[in-house]
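For reference, the structure I am asking about is given below.
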């Protein structure tokens, strides 16, 4: 299209263009690199923030596995109930989920204790698959009870600070995410402190290590089990309150969190309470990585925890962190 | 030729060496006893021979063939049978059905269900379990469970039978019956390798004895010679001494041959 | 027990067996007859039979001590295989269903080998992970129709009575296989492996072979049934095909009816699906609550299921110690 008479001009302009192009490539490269680093850091932040809630959810499950030896399939349902409690308290009484955390903890502790007395206690000496099937039954029951009571539609509490964002240098982070991360980590770490220091905590660890030995030391093993199961449920309820704060309540979230918590305690090694935070980071970062770097990563990331479970079980069934 | 030959077997679990450079052999038709303090590596040796554990080093030969890498069920088919110290009957099965498992799967002959049932009944008689044949194994006493362990292993038609503490925990009368049973098994042409802490039984039965301590063989030979070995005596200090047990339990030795009451 | 009594009890058992067979045959044909005027009844019966095949085939695997949460994986794989073969390669539907079963067998053999070392709870979690991973993959791929799924061509032109006969035949086959296994030497191998794998191996049983074999048989019926489902309901999507409800249903029915038997899973499946149907008409959603309730109650109070209750009633005159809980002897 460029005419012969325009030859010289065209050549000149082409030179200019190519110079521009060079300049452009240089700045593109720097910009690309900057963007790449930015994406990477963003991914790290996403993954780390997510691991907070994962830790709090899984540490309860690890507690019931570690101390009682029960793999509780209904763990996520405790979380789901906590989320609904948060939603209703906010909608009906205007109670902020942050303030409602102790209420959720107490309510779920009571529910956990009751379920222990009514069911779990009876299968402690049964084959472990009976225990699993019982908690599976409780899980299905609670999930469908929630569907019947509150329908399958998600409920979102319109909390004032839900959409607020915090800017950290070049990065923007949702305020609720940051808050939940800080709270969840603080709670998980304080649980570690309780287990490490307090008398009850020491008794729990003693029971976890050796049922018979602990009972010979005069520890009331049944009471410790009751406390551990109640505490486990309370932790899940607290995590549920944070779901209400950050996301929505729905009958179907329970199973998802149960399964994610499973993958975390499998990664940590069944019953290894201390490995939970590291394992949560592994899951949170793996999911974030897939979301950021794999095409259609949002869909694929749903499968990350299953792949992790399979991989760990097949390669190193004792877990990565012990 | 030896029926079973262990050639410099070593097995460690983590940092703990359970069996170290262990060699011995069992001749056809022989009763060989493996003794030693608790934790000396006797059960690990049984697991290595039956294929439930793989040695880190060394080889195992059975009837001239190298079976070091063979699967447990292949070893069973070749003629290696064993019992378990902690009785492991198949729950949800009757006594007869437990024995039938051996008749059905324990050897290369393929028997029909009827043949297996008939042959299992014969073994029930031999082991003195006929009256219990139709009983569910849940609720059987220790002596009957031990007899069932032996009967079930016999049903695999072994050429070598590994007996893991079949006399421990029995009353003197029951132990005498066990001695009689083991002798009948050997007289039927089956070589026996046994582990036991009941020294009177070992003395009455064993043609040869090997002594293990901390995974190593420290002595081998006739019971009388081994029991006098200073190294063996030292190994047993703190445990029930070989000699002491042999004398206190000595009442059995005189009339062990009478122990055929069925 | 005297010889005379033994003989009488054998004859009695044979009579009971014949009676059961007659009842089953009538129950099997009845829907066809009633269904001429009430297609809903035929449809419901067809659903029950699908469920029964899943329950019986799951139980066959459970007899080796492998509690699988992956039954939906084979169900879904069978369905997708068949639908893809029929729509893309023009394969006849019945052949497609068969191929679905075969692909499920191949997947099961692979999974079986991978999970050989996993026991109990680890096995359950591992199989669940396998099933859910398949769902995510199917949802993400293009040729499987992503999350909206695929339209499936009808089986036998969509004639409900013929379709009923097909699933009835599949059920008949799986019942026959299950019954044969329980009266053959395999029964001894499966039970021994379930009780103690190491002892079973030392007794001469090729543990790996039987575990993988059980997996393959179980998966074949799940696969072919998944394909049947797709071609009867004319669509398939990742959520229904790999639904946890399929795996859970396949497990709850045998536990309710009585594990490790042929009649137990069948009984459990019929009772559960019928109960579910009644509930479904009263509450529209959340009717699965009955699964949860039944599972909890059975585990707590009836560890041997409905068959155990029946045996308990029959044996009241001559009480016998309970043979086992739902999952084998003491730990």
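Note that the chains are named A, B and C in the order they appear, and that numbering of residues resets to 1 at the start of each chain.
Simple rule for what comes next: a residue touches a chain if its C-beta (ideal position, glycine included) is under 8 Å from a C-beta of that chain, and two chains touch if they have at least 3 such contacts.
Remember, it's a predicted structure, so these values are computed and weren't measured experimentally.
Greatest Cα centroid separation from subunit A: this falls to B. Central chain assignment: C. Criterion: smallest distance from chain C-alpha mean to the mean of all protein C-alpha atoms. Distance from the subunit B centre to the subunit C centre is 42 Å, each centre being the mean of its Cα atoms.
Per-chain Cα centroids separate subunit A from subunit B by 53 Å. Spacing of subunit A relative to subunit C, judged by their CA centroids, is 34 angstrom. For subunit C, residues that reach two or more other chains under the stated contact definition are 328, 330. In the complex of the two chains, the subunit B residues touching subunit C come out as 50-52, 71-73, 76-77, 81-82, 84, 88, 90-93, 97, 100-102, 104-107, 113, 116, 134, 136, 138-139, 152, 156.
By the touch criterion given at the top, residues 1, 184-185, 188-189, 191-192, 194-196, 198-207, 260, 320-321, 323-324, 328-330 of subunit C touch subunit B in their complex.
Only residues 67, 114-115, 117-118, 120-122, 124-126, 128-130, 132-133, 136-137, 139-140, 244, 248, 251, 255, 283, 285-289, 291-297, 299-300, 303, 325-328, 330-331 of subunit C touch subunit A when the two sit together in their complex. Those residues of subunit A whose C-beta lies close enough to touch subunit C in the complex are 71, 119, 122-123, 126-130, 132-134, 136-148, 151-152, 255, 259, 262-263, 266, 296, 299-300, 302-303, 306-307, 309-310, 313-314, 317.
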